[in-house]
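Scroll down for the structure; my scribbles are underneath it.
The first chain written gets the first letter, and so on, giving A, B, C, D, E and F; residue counts start at 1 in each chain.
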Amino acid sequence: MFYHDKQLQYTVRVDTPSPLFAKMLQQAIGGVEGEIRVMMQYLFQAWGSRGPTKYRDLLMETGTEEIGHIEMLATAVAMNLEGSPASVQEEAAKANPMIAAVLGGMNPRHFLSTGMAATPEDANGTPFDASHVYASGNIMADMYANVTAEATGRVLATRLYEMTDDPGMKDMLRFLIARDTMHQQQWLAVIEELGGTQGLPIPNSFPQNQELQEVSYTFFSTSVEGVEPPTGRWSSGPSLDGKGVFTTRALKPMGQEPKLAPPIPQGHAQTEQMTGGLSGALKNVTNRVEDAVGNSRRPDHGQS
Amino acid sequence: MFYHDKQLQYTVRVDTPSPLFAKMLQQAIGGVEGEIRVMMQYLFQAWGSRGPTKYRDLLMETGTEEIGHIEMLATAVAMNLEGSPASVQEEAAKANPMIAAVLGGMNPRHFLSTGMAATPEDANGTPFDASHVYASGNIMADMYANVTAEATGRVLATRLYEMTDDPGMKDMLRFLIARDTMHQQQWLAVIEELGGTQGLPIPNSFPQNQELQEVSYTFFSTSVEGVEPPTGRWSSGPSLDGKGVFTTRALKPMGQEPKLAPPIPQGHAQTEQMTGGLSGALKNVTNRVEDAVGNSRRPDHGQS
Amino acid sequence: MFYHDKQLQYTVRVDTPSPLFAKMLQQAIGGVEGEIRVMMQYLFQAWGSRGPTKYRDLLMETGTEEIGHIEMLATAVAMNLEGSPASVQEEAAKANPMIAAVLGGMNPRHFLSTGMAATPEDANGTPFDASHVYASGNIMADMYANVTAEATGRVLATRLYEMTDDPGMKDMLRFLIARDTMHQQQWLAVIEELGGTQGLPIPNSFPQNQELQEVSYTFFSTSVEGVEPPTGRWSSGPSLDGKGVFTTRALKPMGQEPKLAPPIPQGHAQTEQMTGGLSGALKNVTNRVEDAVGNSRRPDHGQS
Amino acid sequence: MFYHDKQLQYTVRVDTPSPLFAKMLQQAIGGVEGEIRVMMQYLFQAWGSRGPTKYRDLLMETGTEEIGHIEMLATAVAMNLEGSPASVQEEAAKANPMIAAVLGGMNPRHFLSTGMAATPEDANGTPFDASHVYASGNIMADMYANVTAEATGRVLATRLYEMTDDPGMKDMLRFLIARDTMHQQQWLAVIEELGGTQGLPIPNSFPQNQELQEVSYTFFSTSVEGVEPPTGRWSSGPSLDGKGVFTTRALKPMGQEPKLAPPIPQGHAQTEQMTGGLSGALKNVTNRVEDAVGNSRRPDHGQS
Amino acid sequence: MFYHDKQLQYTVRVDTPSPLFAKMLQQAIGGVEGEIRVMMQYLFQAWGSRGPTKYRDLLMETGTEEIGHIEMLATAVAMNLEGSPASVQEEAAKANPMIAAVLGGMNPRHFLSTGMAATPEDANGTPFDASHVYASGNIMADMYANVTAEATGRVLATRLYEMTDDPGMKDMLRFLIARDTMHQQQWLAVIEELGGTQGLPIPNSFPQNQELQEVSYTFFSTSVEGVEPPTGRWSSGPSLDGKGVFTTRALKPMGQEPKLAPPIPQGHAQTEQMTGGLSGALKNVTNRVEDAVGNSRRPDHGQS
Amino acid sequence: MFYHDKQLQYTVRVDTPSPLFAKMLQQAIGGVEGEIRVMMQYLFQAWGSRGPTKYRDLLMETGTEEIGHIEMLATAVAMNLEGSPASVQEEAAKANPMIAAVLGGMNPRHFLSTGMAATPEDANGTPFDASHVYASGNIMADMYANVTAEATGRVLATRLYEMTDDPGMKDMLRFLIARDTMHQQQWLAVIEELGGTQGLPIPNSFPQNQELQEVSYTFFSTSVEGVEPPTGRWSSGPSLDGKGVFTTRALKPMGQEPKLAPPIPQGHAQTEQMTGGLSGALKNVTNRVEDAVGNSRRPDHGQS
């Protein structure tokens, strides 16, 4: 359950309104790196949290803070739109074609749809789409998603910081960048608490002897022959989880050439596709088994 | 530039076709945790890669492998749809209402739109949307996005593994789970090479003295008064990056109550909204400055 | 700025978990009639509010309450998924084909993507899309949008109430239905305060003498000849705003047959489309003016 | 079934083509306040209409008129694109960088995808998405949706009117604004016929004694302590429907702190999340009942 | 401008209502192969039509017919939902778990959102998205798009025909399949009028000597070495347009290995990515030119 | 399974970087006419291919080539963004307002989200949506979809060619236009192999005597009375498939006026909609049958 305060978490001040900057700020509201996303991501992770209560609490605490960040940014957009070209007198616009040009770069919906206010969209006017809310039910996977969100969010905030000379906007962004620092740190802290990057692959509850371990630590190079695959921490030596040894191998097919059954009559493919009929379908099943079995026997071909 | 091989990377075999499992497999093709996403994410990261060439090469190598994973899964969907209820004789369907019920659980587009083949959609039939392709231009942010993708992808694959008893499908999933292990490991290896989780906040190229450092390592609790905030690695002690000390504080407003200017006449709000007019707008600007300045003076209130 | 309470606004209790009902409840979370929509709609209206402060405050108060409604519903989904078919032992599923059938009706992402928790999607798994957040900058238009949201939301809640026999779920819905009652009432109260349904057309700040008043109160019937148009409060008598008199008229064209200029060469239409060339373009402009002028002279035709 | 007339409903004339205005007009075609939306909304409401025939007829009449409004606007877009920068000679563009700048503000798809014609998108190029078609099966809810659509549509049309000096475009908009006046009036007339704003909450077929009436007319303030909630028609006095009395109350939790069962093994959460196991699940059910029961006993806490 | 008739274009009759079939029919309403798409596609092509008037008229004629097809299908959905499980008495549902299972396969929004009526969505509940409206401004490209729409539409209709035993539904589909026959034929007739499949490549207004003609009729095989590329009409002999001769060649790179400049400082990549700095950027430009020039000199490599 | 080559299929060179052209090029990457679409369309058609193997092989060959086209375009976008306004020194931007204006026309996400690299979006920043991947299971329908894709793709490429003076970009486009020529030709070649445009309507496996043949070759004019329908190859003479004769007829209703049953009580329509109750529902069924039967008897009305 939630409460609100009329005051903002941090001061929002715009010294020189800029409708172009208003458009840019939208990315931090409704973009995939933005605040609506983290707000919903942390809250949905909390609401579905199964496991130690403290992580649920942690997610709820920060998810709630993020609602206030959307509020700050929406306020900043509204303030940047005050005094914008669409609100200046027509004579000015006619006398100065520059104004019209800038107007062309403004988000049209900032005037047409909201009368000078923010929308839950990104800088291109693409509405926020909640499929970006990652909440997998696996806490480690979710923590990496959260670090990603705060890392891309902080990158975005520093780019916005570079785009403006407005002291008020720079001050607000200094605050948001610092909060992104903390939020990166806190999700990394949870990762550390839960075993860090050296733990078993995520999810650690799946017994590794059920995966095909002969390819669990193999770097497959898909380059054409004669090109050296890139080397680094991933190409040789012990794996990070200490459970295997990295090797590098050129990719070669381990599977068959797929053969699907002919189309079923009710699906109304072209008759030219259906020469096999039912007997073809049966034949196909036979082939498929033979292919699968025979696969180890077939001569090595591929790119070499 | 790309080449292909007619054979699959690993054998795909379906012993007992199941249209319901075909529907589930779609999540691994077109879901946010799926293979279309990682394929496009790694390739777009590679194509926009600025910096050491070896990371570009690494991304290209693995992005190319992922195309073949989509191929394996699309083949598995098509094979699971062979012998499905929509293809059995009508009499059977009439005699056995169960078949009709199962048919109801099938993805309708697997028959109606493709004639028994895969679509680039998730298990609910939501088409893949390329806004899920994260390529930020910051390699650390991207690597965390990649670990996230492989972690949620492996979680998904293990859940699919639990849902089927089909030996062929289990074998294919054993392969894909192992590849997800390697891909998690390799992106973590890049993170380690670039300084690991103990490095500066991402992006490390932004000078931290430009952020509002007094809140860079502060955990803000947004709980109502009287509730203890959750404690852990994030709540006290040195920060992970070694640049600060974690503290915990109850959230209190540091900003003003926002006051926007009245609507501009051309925006055609209701007249009841526009009592202030132009003088109001001027007054607003004055207020805003006063508010911002006076903010430090205002008595502490909030929730307490 | 926002705070939260660990306790829910109202008790959420599930006596007999039902994954099918979990799927249905998603409509109240992420559907167009759902709670994410009203939460974001009221908050964005508040954050962009220009005009009397009390309406901004009112929107903020209720927008904040709605976050807690999402929380209640997300909790209800998670609880309905406990004990669901995907979590029962495999033997049971094999022995009882009914379980498999029901499993087919479950939202697959409730298992595959979240491990038994809610998503920000509707009952068909379509992610919430923030273009549904209406915040026009005109307070009357917004209030009608809000009444609509609460009216369709209450209709949805009563339908969910009919679909379940679970006492816990019925109790939670009784609460939500009552809140929808209040929220309908409160937005209607704002409409009444601002002049009610008898006021000028929205927006009331546009001078009506600038609209083409000869068609401002005319009901145009688009039926084929010989069919009586429907009659009611809208077809004759004084208009609701008292500014006009309703009349009914058969639709007849008042405009020209449009003639567009030929394609520009750079647009690479087929050559067969471009016989006119530049002279055609000039001719077109002439035609267009003649058409517009001549329109009043042309004999009445149309459908009669 | 439908027929068409080659002539437009009203004259569309463009005196000075403007690709920027063409872009703006798209909001009235494919925006959420636009004509595709009302066309489809009224027609789908009509096609699913259950109840008095006259409302079905009314919806069909006006839905049909709206198709012609899309036609007018699409024609206006095409005419505004004639003579646009992309069609002027290259020399001009080079000599006058202003042209290039304006070109930058044009909708690129107006040239690239259509060769100078309208698209079913909004002013930002976001395609129309049919989830905006509200047709709830409850006629009152639908009528409020229709008033909303015409109110936001008329606000949009008046803003477009302010953005242009073109006499032809202003004349067309005068017509469309007048039609929006009539359509607002006619849907309000249906609301009046069906009982007006003083009727029972929508849907009026749900017995109010089944809702939790103690909160049906209560305004919950979610403000932090010490802040006065906004007062108005909604905060005290008789409710609009005459069935209750408005009261105002500070929000306090009436529900429990939610406790979900531990993750099921098949969902492959991290092992650190699964300490409870099956016994934990059982324990959880017990807890939940106790919590629900004990809720009335627990001491009041919260924000106070 | 448009008119309507209360009667349907063809009789819609449902003998045995089926909510599952109602769900399937949605694909023909709001699916990518459905009627909303063709309706909007033909009308937008007509409204943007530049060139011979008769094609504009033709598109308008058929676009108008399609509105009536949506009406027929929406009516069929509503009729199939009458008598559906959600409307049967609760006792029946409890006594017969089959009903509940079938209910699970129903489109939930058919009850929750519309109260038993059609939506503008496909069979999976994905809303129609107007980006599927192809109107390129090139009449030949558009005619192929129209043939595609009618071909996939007729395939869909025949599949729906196979899924139902209801005489009324079969009769309606017989009508729609026949109309799809005619519409395929008529768009093919326009293609024939405009030169048929033997004409110049679309668009025929682009001078072919400006394209890189050495690869205009070359089939590139992307197979690994040693695999025979598929042969057919496309692999040798004269091209269809009579302007060239088909040849088949193994794909080899004709371009350089791309080298992008290092990141700009304002973009805040990781410092590890930015070793090159400004001098690196200059060096990069030099390299790029050298690469492009040197490309012809480099030894043949690739897959062999 | 797939391999890659570090070199591009064809040289990509940018002589004068232009962020505006970078924005335009996005249409060829992620637009509906773009390369992501054809890549995925051909590959999904191949992976679901049932019927002669050579068509599967053909689709796989070309689908693989298209991945390399995305790579070329993504490289071209990244190169066009080098030296762009966002990367020039601030002083320059201030001194030259033109730069700011151009910056306004740039895709903001090219800086904010990617740090100067391509995204999988169109020129308006709308993310690619995989519902555009047509793979119907009917090879003729798919081939027409492929011709459409290559035709609209070539139209787009020629328009991009017209928009740039950059020699490098013109050279790259010359290559892509030529490839579009070949790909159009090859899909037309498959159509010819399978019977060409003179074959039976698609799908040719549906027996035409099951469709309502009396309207299979009839052009219905939906114009109001007195307007001559357009004449051409489609309006008279033998049909293209040789199975019928084209005729032209004015559209008249062949169906009933639809009457739906009253709302079910559980759907909570307004009480004013539910006068009929259960008896009404029964009456409705009766009416519907009578209407359907009586339809042939009813006097001719309609528009005349």
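Keep in mind that, in the parts below, a contact is a pair of C-beta atoms (placed from the backbone, for glycine too) under 8 Å apart; a residue touches a chain by one contact, two chains touch by 3 or more.
Everything numeric in this text was worked out from a predicted model, so none of it was measured.
Enquirer: Show me the overlap between the contact partners of subunit B and those of subunit C.
Expert: Common contact partners of subunit B and subunit C, which must touch each of the two, are A, D, E, F.
Enquirer: Specify, for the interface formed by the sequence copies subunit B and subunit E, whether it is same or different in terms of residue numbers shared by both sides, with half as the dividing line.
Expert: Answer different: the two copies use largely distinct residue numbers here.
Enquirer: Per the definition at the top, count C-beta pairs in contact and tell me whether C-F or E-F has more.
Expert: Between C-F and E-F, the larger count of C-beta pairs in contact belongs to E-F.
Enquirer: Can you compute the centre-to-centre distance for subunit B and subunit F, using the mean CA position of each chain? Integer Å is fine.
Expert: Centres of subunit B and subunit F (C-alpha means) sit 28 Å apart.
Enquirer: Please work out the Cα centroid separation of subunit A and subunit B, and write it as a whole number of Å.
Expert: The mean C-alpha positions of subunit A and subunit B differ by 4 Å.
Enquirer: Tell me, which residues of subunit E touch at least two other chains?
Expert: Subunit E, residues with two or more chain partners: 1-9, 32-33, 47-48, 50, 53, 57, 60-61, 64-65, 75, 78, 86, 101, 104-105, 111, 113, 115-116, 121, 124-127, 129, 131, 136-138, 140, 155, 158-159, 163, 202-203, 206, 222-224, 227, 251, 253, 255, 258, 260-261, 263, 266-269, 302-303.
Enquirer: What is the shape of the graph in which nodes denote protein chains and edges denote touching chain pairs (line, ring, star, complete, other)?
Expert: Looks like everything touches everything, fully connected.
Enquirer: Note which residues of subunit B are touching subunit D in the complex, please.
Expert: It is residues 155, 158-159, 162-163, 224-227, 266-268, 301-304 of subunit B that touch subunit D.
Enquirer: Note which residues of subunit B are touching subunit A in the complex, please.
Expert: Touching subunit A: residues 3, 5-13, 32-33, 53-55, 57-58, 60-62, 64-65, 72, 75, 78-79, 82, 86-87, 111, 115-116, 126, 129, 131-132, 134, 136-138, 140-141, 144-145, 147-148, 151-152, 154-155, 158, 161, 168, 174-175, 177-182, 184-186, 188-193, 196-197, 201-203, 206, 208, 210-224, 229-234, 239-241, 246, 251, 253-258, 260-261, 263-264, 266-269, 281, 284, 288-289, 292, 295, 302-303 of subunit B.
Enquirer: Which of the residues in subunit D end up touching subunit F in this complex?
Expert: Counting only subunit D, the residues touching subunit F are 1-6, 47-53, 86, 90, 97, 100-101, 103-105, 107-109, 111-113, 115, 121, 124-127, 137-140, 194-195, 202-206.
Enquirer: Please output the residues of subunit E touching subunit B within their complex, sorted ascending.
Expert: Touching subunit B: residues 20, 23-24, 27, 31-33, 98, 101-102, 104-106, 122-126, 155-156, 159-160, 163, 165, 222-224, 227, 251, 253, 255, 258-263, 265, 267-275, 303 of subunit E.
Enquirer: Spell out the part of subunit F that touches subunit B in their complex, as residue ranges.
Expert: Residue list for subunit F touching subunit B: 1-9, 30, 36, 40, 43-44, 47-48, 50, 57, 60-61, 64-65, 67-68, 70-71, 74-75, 78, 113-121, 127-131, 133, 135-138.
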